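Sharing a structure here in structure tokens format.
Chain lettering (A, B, C, D and E) follows the sequence in which the chains are written, and residue indices restart at 1 in each chain.
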Amino acid sequence: MSRAGLGLAALALALAAPARGETPEVNYLLQCQGCHLPDGSGKSGAVPDLKDLGRFLAVPGGREYLVRVPGSAQSPLSDADLAALLNWMLRRFGPAAIADTLEPYTPEEITALRRPPLADVAATRARLLARLRAGD
Amino acid sequence: MARMDRWMTGFARSLARRTSRRSVLAGIGTALVGGAAVPLLPVARGRAEPAPGDRVTPSGEPDPTTPAGDPQDCGYWRYCAVDGFLSSCCGGSHNACPPGTQMSPITWLGTCRNPADGKEYVISYNDCCGKDVCGSCICRRHEGDKPVYYTPKSNDIDWCMGTREIIYNSTVAVVVGVAREKG
Amino acid sequence: MARMDRWMTGFARSLARRTSRRSVLAGIGTALVGGAAVPLLPVARGRAEPAPGDRVTPSGEPDPTTPAGDPQDCGYWRYCAVDGFLSSCCGGSHNACPPGTQMSPITWLGTCRNPADGKEYVISYNDCCGKDVCGSCICRRHEGDKPVYYTPKSNDIDWCMGTREIIYNSTVAVVVGVAREKG
Amino acid sequence: MGRRALAGLLLVGLAAAARADVPVESLGRVETLPLPPGPHWAWVGDPVFRHATLVDLSDGRTLGIVNAGFGMPTVLTPAARPEFYVVETHYSRGSRGERSDVLTIYGGRSLAAEAEVVLPPKRAHAANTAGMLALSDDDRFVAVFNLTPATSLSIVDVEARRFSAEIETPGCSLAYAAGPRRFVSLCMNGALMLVEVDDEGREARKTRSEPFFDPQLDPVTEKAARWEDRWLFASFESWIHPVDLSGAAPRFEERWSLVNDAERVDDWRIGGMQHLAVHEPTGRLYALMHRGGPDTHKQGGTEVWIYDLASRERLQRIELHGLGFSYLGVPLRAEGFTGWLIDKLADWTLGMAPDIAVDAIAVTQDAAPRLVTVGAVSGAVASYDALTGEFLGRAYVGNATNVTLSTPFARTGGWR
Amino acid sequence: MGRRALAGLLLVGLAAAARADVPVESLGRVETLPLPPGPHWAWVGDPVFRHATLVDLSDGRTLGIVNAGFGMPTVLTPAARPEFYVVETHYSRGSRGERSDVLTIYGGRSLAAEAEVVLPPKRAHAANTAGMLALSDDDRFVAVFNLTPATSLSIVDVEARRFSAEIETPGCSLAYAAGPRRFVSLCMNGALMLVEVDDEGREARKTRSEPFFDPQLDPVTEKAARWEDRWLFASFESWIHPVDLSGAAPRFEERWSLVNDAERVDDWRIGGMQHLAVHEPTGRLYALMHRGGPDTHKQGGTEVWIYDLASRERLQRIELHGLGFSYLGVPLRAEGFTGWLIDKLADWTLGMAPDIAVDAIAVTQDAAPRLVTVGAVSGAVASYDALTGEFLGRAYVGNATNVTLSTPFARTGGWR
């Protein structure tokens, strides 16, 4: 196989990496907590507060948004692990009521949504929040 | 003479563990600088392996008389991806910052293997900030370190961005969980 | 190879003048610090004496190939009471400051003997200010230096107080007159 | 005093009898830098002293310094105007208080701070130096990488000397010049983000490419080198990934290896703070190499390997000399004695002790180019003939530690 | 990995089987200093890193740092309150811009900057450290020496944490504590100026003494030491001039020599940055000595000579050990090997190379006092039993260079 072929094969292998087998709790520690902090509160103006996570599910495009933000889409997690992590985060940080209504993300849904990642996160986020306010 | 323990670290203490994993020049350090550690002189960076007969502390860590269990030694098992000064040599401890600094809440996390139980633990590397570089116990190990653009796994970054000042002093390694695999 | 003149000063150039006045360790320097030079390592501080056959430049100074006449050498005759970094090694010359600094007008004056004519000249030691320490060619000679309370003859003082910033970079030695005696 | 010295004094005394006094000199003189600039100038940054020193590699002379505040001191040089740009972070009380991030414009002749542009206090700080800021190819805009940890670029109009805009680069970091009005960032998933700005320095277009490497398997380092319209990225495992940015979309060329199979088995690997350099007129690539296992991507080098970029063939391996020891900028030597001893010791330790090795390299762009090496353990720089690899010598530039390195006229040879 | 190591792993594995995991720890913890403070604490100031490090000489442990801005980092410690005072100079842009001189109050347990008092931006800067600032004996006022080059004192009420007044001291410089509300300065003609302040810190009385030494013939250095109500000044020619300040007017006691005639012929002389220290409980004087001709009053010492102040007799000569080498605070050593080599080298060079010698000394005031030595060439401190002269060891405190030195509880043994 040519050098380029080797590289592409490696890339394909990585993109199809199997589930790492960590629990969502540990994946949160390893992939998210550094910026979002243990309580999910983040940093004003730089890292969103995860308690707002559940609100996005209430507007069209919000469910996709949570998968396509770079932190989700670009994470090294497999689609299955990312689905499990998002479901865990929504239950852990979202409003208590969400546990009853949440329609969990599936690995297939993640596969369909996560590529490519969003380029203009702030604009998308603002648009969704405006819709949320309009809906209130 | 226990109180002389840290005196002439290059000599008395080191002699005792000279059979361990490091190169002959391992005691020579690196350096600060301007808030970010850069290579300077050779430092410990090997993975500490327990020696036969190593005891385990009640908390489940290796014997503190071995590098794998000594928080003032770069070989301490939790420091497997530290790039900076050890808070434990700067007035703090392995999991508490020196007096007058602030621990940055924003940081990166990785895993290190605890040789006492063979398990991978999730380690939070938090920078101590708001005072200039400590200058003691530079430690540069890069297990799993990634470039700056791979932010959540980069030890080159001055993580003090979560505190009032970005001025870097030293680093702690806090156990925050148990992982199944290296990650 | 004239352009290599300053390369490896510790070796090529120094070898040529090894019979001169300095101790075997004279090439080892001192250090900066924080805007004021403090003792660090041995530096030239002896009085330069002309060797037989020394030529005199048209301006009446000793041959520039001798320390007594080389403005990048601490042995240069005018530097007999310099405590700091030589502007001539920092982008300036023996009587001009490096680019981007300001020469402090307020300063102290002393005398040095020009070995080429045996006369005592009045030297104005002016600090170059507003940029951090240059770090090159530390020079510590204390002929006639007095403590800080004897302000007009103290080389310990950061004389940048005449410029906008007190930040010290380096020092020049300007001939401003001929004296009859040492003073 | 010996008899011979006394005789010398007498001779001088006689010679001086007929002479006038040394003339009185004027006070207040301050030097300026020459125009045109020298072909072998290099900026050497010292984060301990918080300044960068301009040195002429032709003769080892120090030409001056610029202060740089907290962080890694990097100097940008436009070809269009005799100026230098330095991005600085300061606190009102040294290490605490109010933060100010500024871009300072230094006169190319005066080296004086002529103007400053205040930036959002968001500039990223890292031990890394490549990609932290970039000057657009038309010399009009500087992009400064911000990390809060949200990622963005601060755009400064250095011609108008004012802040233009902040452009968010979600999931992507750093900035490299990629055209007259364009910058490129590296994304966490191995893709690129192209950021184009308009005449006001505001965001005009932002596009993401497909990934061109796998950050999990073999990430490229940030320490890339420019070759005409290409950026060359080296991976941890010593693969060069050339990215052609001449078109609207990046073209990812076939990767090639710096090491052959035998060298790979021998653990030869790229490493250091700044480990690639290109001499554009001859199309040569310089790579800083060492022997070391995985996770040694920050270890300094003991050799520089030279490649012909067109054929991707290696032309030469240079064994590097030690940088010499210095303590806070002062060379550790005793005249005519330990100079030799210390040199030998430095060369020996360079081979023995990985972190004493060379951390950064750069190459000048003239027809008789110099390869320059620095390391964090020494206040000295070493210079080599970049075409033959011949070691030319060392110069002590007064720094405590040398970490950042740039040849100001990297692509142009001087101010236009 | 050897067989033995494998066996070890297995043992550990078996031992661990029955164990619980290492417990999860909490984030955000910050240490505080213990109360009461240790008897062997010392502040070691580093003007390169622009900070001072608090080290415990009992075990060599670093306890923390305070930042200090541009200049020589000196820390004052009151006995009345658990606080530290540091006078700092800052510029808004590092080395340029607006100047701020402040006195910062650090918590004695927290080591955090609790308050700052803004001073007139006139503070004197010099390589010298003694006499640059002083704390009154009642712990109420700090005097800061100003030089513009007009001389004055800035008085700060550190109890009320506010600036009090500026007091002119024409022709006189520096400040030493001399009573509850009194400071003393040295004048250019060899006299003293006594400055008394009122309860508001304003000038109450200012008197000039007669000269007590000849600044032309044999000036005293600024590096004086306190002994109860006396200040002891050493002259270039190694004469001690005791000044009794217990009364309204200073009483100048008979001078006495640190060296006998033979030693004077041998060129033994006092020198260094801080060359006197007193252990008050035993009335011992420590002097830092070297061999050198005229104009070597700044040269570091190779010995400490100990005197009984009551009898003015010398009790002991201590040959000092080298401080050990370090590069930017990192000890230069290879484990179990060059530790010894470097120690020997340091001791050898200490004797050979004048400027590698010890630059400053201090003594703690407890019943088992420590003599501590520092030097600008080393990031290490060395400690001796101050009563027997026995060398106890070295500690690397992380500094690039150690220049200023103070034992915080110089006269009291701790916070009251």
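In this text, contacts are C-beta pairs under 8 Å (C-beta built on N, C-alpha and C of every residue); 3 or more make two chains touch, one makes a residue touch a chain.
Please read all numbers here as calculations on a predicted model, not as lab measurements.
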## Note on the structure
At minimum, the number of touching-chain hops separating chain A from chain C is 2
### Query
What are the chains that chain A and chain D both touch?
B
### Task
Sort out for me whether C-D or B-D is joined by the greater number of C-beta contact pairs.
C-D
## Note on the structure
Taking each chain's centre as the mean of its CA atoms, the one lying farthest from the centre of chain A is chain C
### Query
Using CA atom averages as chain centres, what separation in Å is found between chain C and chain E?
29
### Message
As a quick test, compute the distance in whole Å between the mean CA positions of chain B and chain C.
### Response
45
### Query
Just curious, how far off is chain E from chain B if you go by their C-alpha centres, in Å?
31
### Task
Would you give the residues of chain B that are in contact with at least 2 other chains, written as numbers and ranges?
25, 28, 30-33, 40-41, 105-106, 124, 131-132, 152, 161, 176-178
### Query
Residues of chain E that touch two or more other chains: which are they?
27, 48-51, 67, 70, 94-96, 113, 327-328, 377, 400-401
### Summary
Check: chain A positions touching at least 2 other chains come out as 35, 38, 43, 46-47
### Pairs of chains in contact (touch as defined earlier), listed by label
A-B, A-D, B-D, B-E, C-D, C-E, D-E
### Task
Mind listing the chain B positions that touch chain E in their complex?
3-11, 14-15, 17-18, 22, 24-33, 40-41, 49-54, 56, 59-62, 85, 89-93, 95-103, 105, 114-119, 121, 124, 126, 128, 131-138, 169, 174-178
### chain D to chain B touching residues, read off their complex
47-48, 50, 70-73, 89, 91, 94-97, 99, 124-128, 131, 147-149, 151, 172-174, 185-188, 215, 219-222, 272-273, 295-300, 349, 352-357, 359, 375-377, 401, 403
### Message
Residue numbers of chain D touching chain C in their complex, please.
### Response
1, 4-5, 7-9, 11-13, 15-16, 19-33, 46, 49-51, 53-54, 58-67, 106-107, 109-113, 324, 327-340, 342-343, 379, 392-400
### Query
Touching chain B in the complex: which residues of chain A?
20-23, 25-26, 29-31, 33-35, 37-38, 43, 46-47
### Query
In their shared complex, at which residues does chain C touch chain E?
25, 28, 30-43, 83, 106, 130-132, 140-151, 154, 156-158, 160-161, 164-168
